[in-house]
């Protein structure tokens, strides 16, 4: 199987500190890969480096055989790479429905064409489906900024899936989400994985969530990959346990 | 050749005053993320305060100056910080910028309506006359301005680099969070910055008002020049403000004399625009990476 | 828009249309000036309130529009109806040309660039005497006629400007309800998120900026025709600053924010003339208080009492 | 966009029409004056002069038995504001409009008073104001094309300068003066060695003065507004300029002397009106003005004051309040100070609205204006 996303020897240093220190990983089509590791182990920096939000110091990223190193988030989104954010990143003054439409409309038609398109840019129906799926019907018309942290988190995730991306990088999707919703969220992600066929890379601290969602898990410590493999294996790894306990 | 040197010297003297204002401007920006659009009015107010102390209270110049420094520190330093910057900065830069614009208009009109709309004379602390250095003739006022502004800048730099408090202030300017971790009293250091800005403004007023005359709108020009100077030199660099100020002053003089007095401001303005577009961190500034 | 709001809008418009019938020419002049000012202020609201960019140079475009039209009409004898689109397009293109390099580097630098640009435009207007008339300005700018009907009189020109500003507002309303409007709002609310969801933030920011500039240009053309005379002082940096304050005080990012703000800046000083210079002094300090307690502007006062209702 | 708030249209507190010009009650006269902006000094003086005259006239029973009701409006030194306020003055059915003082504002605003056929007095000196065939404009001071030749003759005969550097302010006033002066100097065979333009409201004159020094001219002619004149004089002093500094009217004004301090000493100017003139009626004005406002009037105060008395004199000559008749009667009229001391000097108006009268050469000595010579009118007043 040819890898879908391939990250080679990714490095990002701030002065003498190597936040990401030579990480190599690959993700296949439709695969869900989990990334775990203690706080400050460089997971989010790795994401930001892959996604063009910050400039990596070294290394390369390939997506579908194309070198995408250092591409801007805009260019990546055009190639079908989406992401969610660790901290809340919704359009606070737009309604939930507009948030979802805004995440998809730019992939419909041309820019001048969209000026004359219907106000919902033809994404309204899809947005309503997504709202149903994430059970946000009762707040669909409220400004996203007025909602609870957990709800905004769900919107954030729904937004990432609106344009049916081929690859999604999820940064701590469960953080701050009501525990009762975590199972539901996992089911949703599995469903989306099946229906849209995209690949996921998930950063998460919730072990239970990762174990049940990801067939393949990577553990990062101090900017390096410490262990890799099926969740049960990684979990049993002595070094991983030490890294977590020592933290 | 003598003309050129003379133009450069008097331009540097004017630029030194711009630099004082620009210095305060960058200090505020570094320490608290404040872009102060009322910086020019911060020069105008002390000018009127000094006039009040001299003419109405009948005090000698130096007493008036010291008293004005004190009042400015309370009014333009402490009160400005507590009443405007502290409650606004959490909303982000834009509301604060808008508020300082409001402050600029408010203070200007207050002086115009409540004090006087007309220009008032203001005596120089330096004598009239020229200092001859061979063919070169430099006015005492320019020499005095350069010496005084230079002293202020050098002592400020010494304070920032050589004293514990100064270094703490620099640490706050570079990274507020790490400074806090290091146990520095961030709030206090930021307050010091505001107080220093107030004093710098008073000195600038002392030097600039004899030529500008004390008038409610005298700050418009100097505020704008300080703004150019800060951007040209580098918004996040103290040395940048100095370079920017002197550059703006000298360029103005040279343009006025050799190109056209009508475009006196033009060359400095073009430099300002070029810097914004091609070197936004300023001539001496460091690039800041975008935060996610 | 709810039903009561629609009714309120219609009543407001009708009142505004009827009121000049009872006013003398100075009153009509002020009400026309408000319409003209609003054209530029609506444009600025698009830039500041909807696309989230700071522009401190709207008066430069106001001036470019006025000067382009005045030069075309007085020196080349071109009709108002051709001068209007030419001035608007000129402002659009200049807006793109200024915004493109400024946005390429760092986004908040657009504010600084517009500030410098305003001063530069002012210098050119004042010093390029052959073209702009220097400090003498350009006088005897004609008012247009429509279908052979002259708009020279104070009332006909008022109705012309009134209808024009409503048309302009309608176009902007439509623009903001299109997917473009949503993209503008997205890049205002969160440019980083917007970029990762495929919004070309550079292109949209530039467009918002250039469209806003074109609105100011249109306003400038009307201003030239209204006053019959233009000179650089009408387009100085302080005019830009006051217009920015007007938009923010009214409520930036709210469609009718500039209306309220422009009334505060254009009409109220006239009404409160007895306050003289104190008016602007109070206004300046009121802006500070407003920023502390009501950063969303006067129109956001309503939100204090009720929640909900998605705004864009 | 779900929100909409009602525009408070009903709040517009604009003046609503209130009938025709009354033939009873006070006479409305409107002053359009520069109370702020670059013209604040000139406008405030002019306004105070008018107010003083109005107060005196009303105390003495008014004009034709009716009191004057004077309202001043601030043009902010901006032409478009002046134009709008001129409309307002027309709306208020002013009998006469006084001002603006600034030529640039006046040229724009006079179209409104012309349309309404209301006589309009200006303090402006720009030559082109009276060259446009407007039958309703009248001056309260010399036009530049009268003043500059007088001064050029002085520069040739008394200063004996072969070359002159001109520093002028780039507005209608300064440009007009510079053009008239250049022409007048040429006529006297004097060369313009440097032509230095400065901005209205300019604060820094170091480059301008350096340029004058570089030119090595025998004298400097400075033609700027009050505050700028003071800043220029200070800069001349600062840079140790030792040659004669000559001006027209503004350069030696009271405000300039006050602002420039010692730096004003030695400056020479031709002035149309000065409170230091030896005439008793001017001395009397000086005292009354100082008693009223606690400062010394400059020429603009005298312009406003004498202009108001011209209104009184001509209205009494016409015998009724009729704006059109007033304008007709003033063209070609001569008013003598012995009949109306308030006009200060015998004055004659020509068919364009330009005036002619005696003028003075003054020098600043020890912080005071000193009259060194009285120049006769261009053509003797009959």
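Chains: A, B, C and D, in written order; residue numbering restarts at 1 for each.
Criterion: a residue touches a chain if its C-beta (ideal position, glycine included) is under 8 Å from a C-beta of that chain, and two chains touch if they have at least 3 such contacts.
Nothing here was measured: the structure is a model prediction, and the numbers come from that model.
Q: Would you kindly say which chain has the C-alpha centre located farthest from the C-alpha centre of chain C?
A: If we average the C-alpha coordinates per chain, A ends up farthest from chain C.
Q: Could you name the chain whose Cα mean is nearest to the mean of all protein Cα atoms here?
A: C
Q: Mind checking the centre-to-centre distance between chain A and chain B? Centres are C-alpha means, answer in whole Å.
A: Between these chains, centre-to-centre, one finds 47 Å.
Q: Could you please state the distance in Å, as a whole number, between where the Cα atoms of chain A are centred and where those of chain C are centred?
A: Centre-to-centre distance between chain A and chain C: 41 Å.
Q: So, what's the distance in Å between the C-alpha centres of chain D and chain A?
A: 74
Q: Approximately how many whole Å separate the CA-defined centres of chain C and chain D?
A: From the centre of chain C to the centre of chain D is 36 Å.
Q: Hey, what residues on chain C touch two or more of the other chains?
A: Where chain C meets two or more other chains at a single residue, that happens at 126-127, 177, 192, 276-277, 309-312.
Q: For chain B, give me the residues that contact two or more of the other chains.
A: Expected reply: 112, 117, 262, 292.
Q: Counting only residues that touch at least 2 other chains, which ones in chain D make the list?
A: Expected reply: 36, 170, 199.
Q: Considering only the defined contacts, which chain D positions touch chain C in the complex?
A: Where chain D meets chain C, its residues are 1-17, 36, 74, 78-80, 83-85, 87-88, 90-91, 104, 107-108, 111, 170-172, 175, 199-200.
Q: Help me check something: in the complex, which residues belonging to chain C touch chain D?
A: Residue list for chain C touching chain D: 1-2, 5-6, 8-9, 11-12, 15-16, 19, 22-27, 29-31, 33, 126-127, 134-137, 139, 173, 176-177, 227-231, 233-234, 254-256, 259-260, 263, 267, 270-272, 276-277, 299, 302, 309-312.
Q: Note which residues of chain B are touching chain C in the complex, please.
A: Touching chain C: residues 84, 87-88, 91, 93-99, 101-110, 112-114, 117, 220, 224, 227-228, 231, 260, 262-263, 265-266, 269-270, 272-273, 276-278, 280, 292 of chain B.
Q: For chain A, which residues count as touching chain C in their complex?
A: Counting only chain A, the residues touching chain C are 51, 53, 72-74, 76-78, 82-83, 85, 89-95, 98, 101-107, 111, 114-117, 119-121, 141-143, 146, 159-160, 162-163.
Q: Looking at the complex, which residues from chain B come into contact with chain D?
A: Residue positions touching the partner: 3, 6-7, 10-11, 14, 112, 117-121, 123, 128-130, 137, 139, 141-142, 210-213, 215, 217-218, 221, 252-253, 255-257, 261-262, 264.
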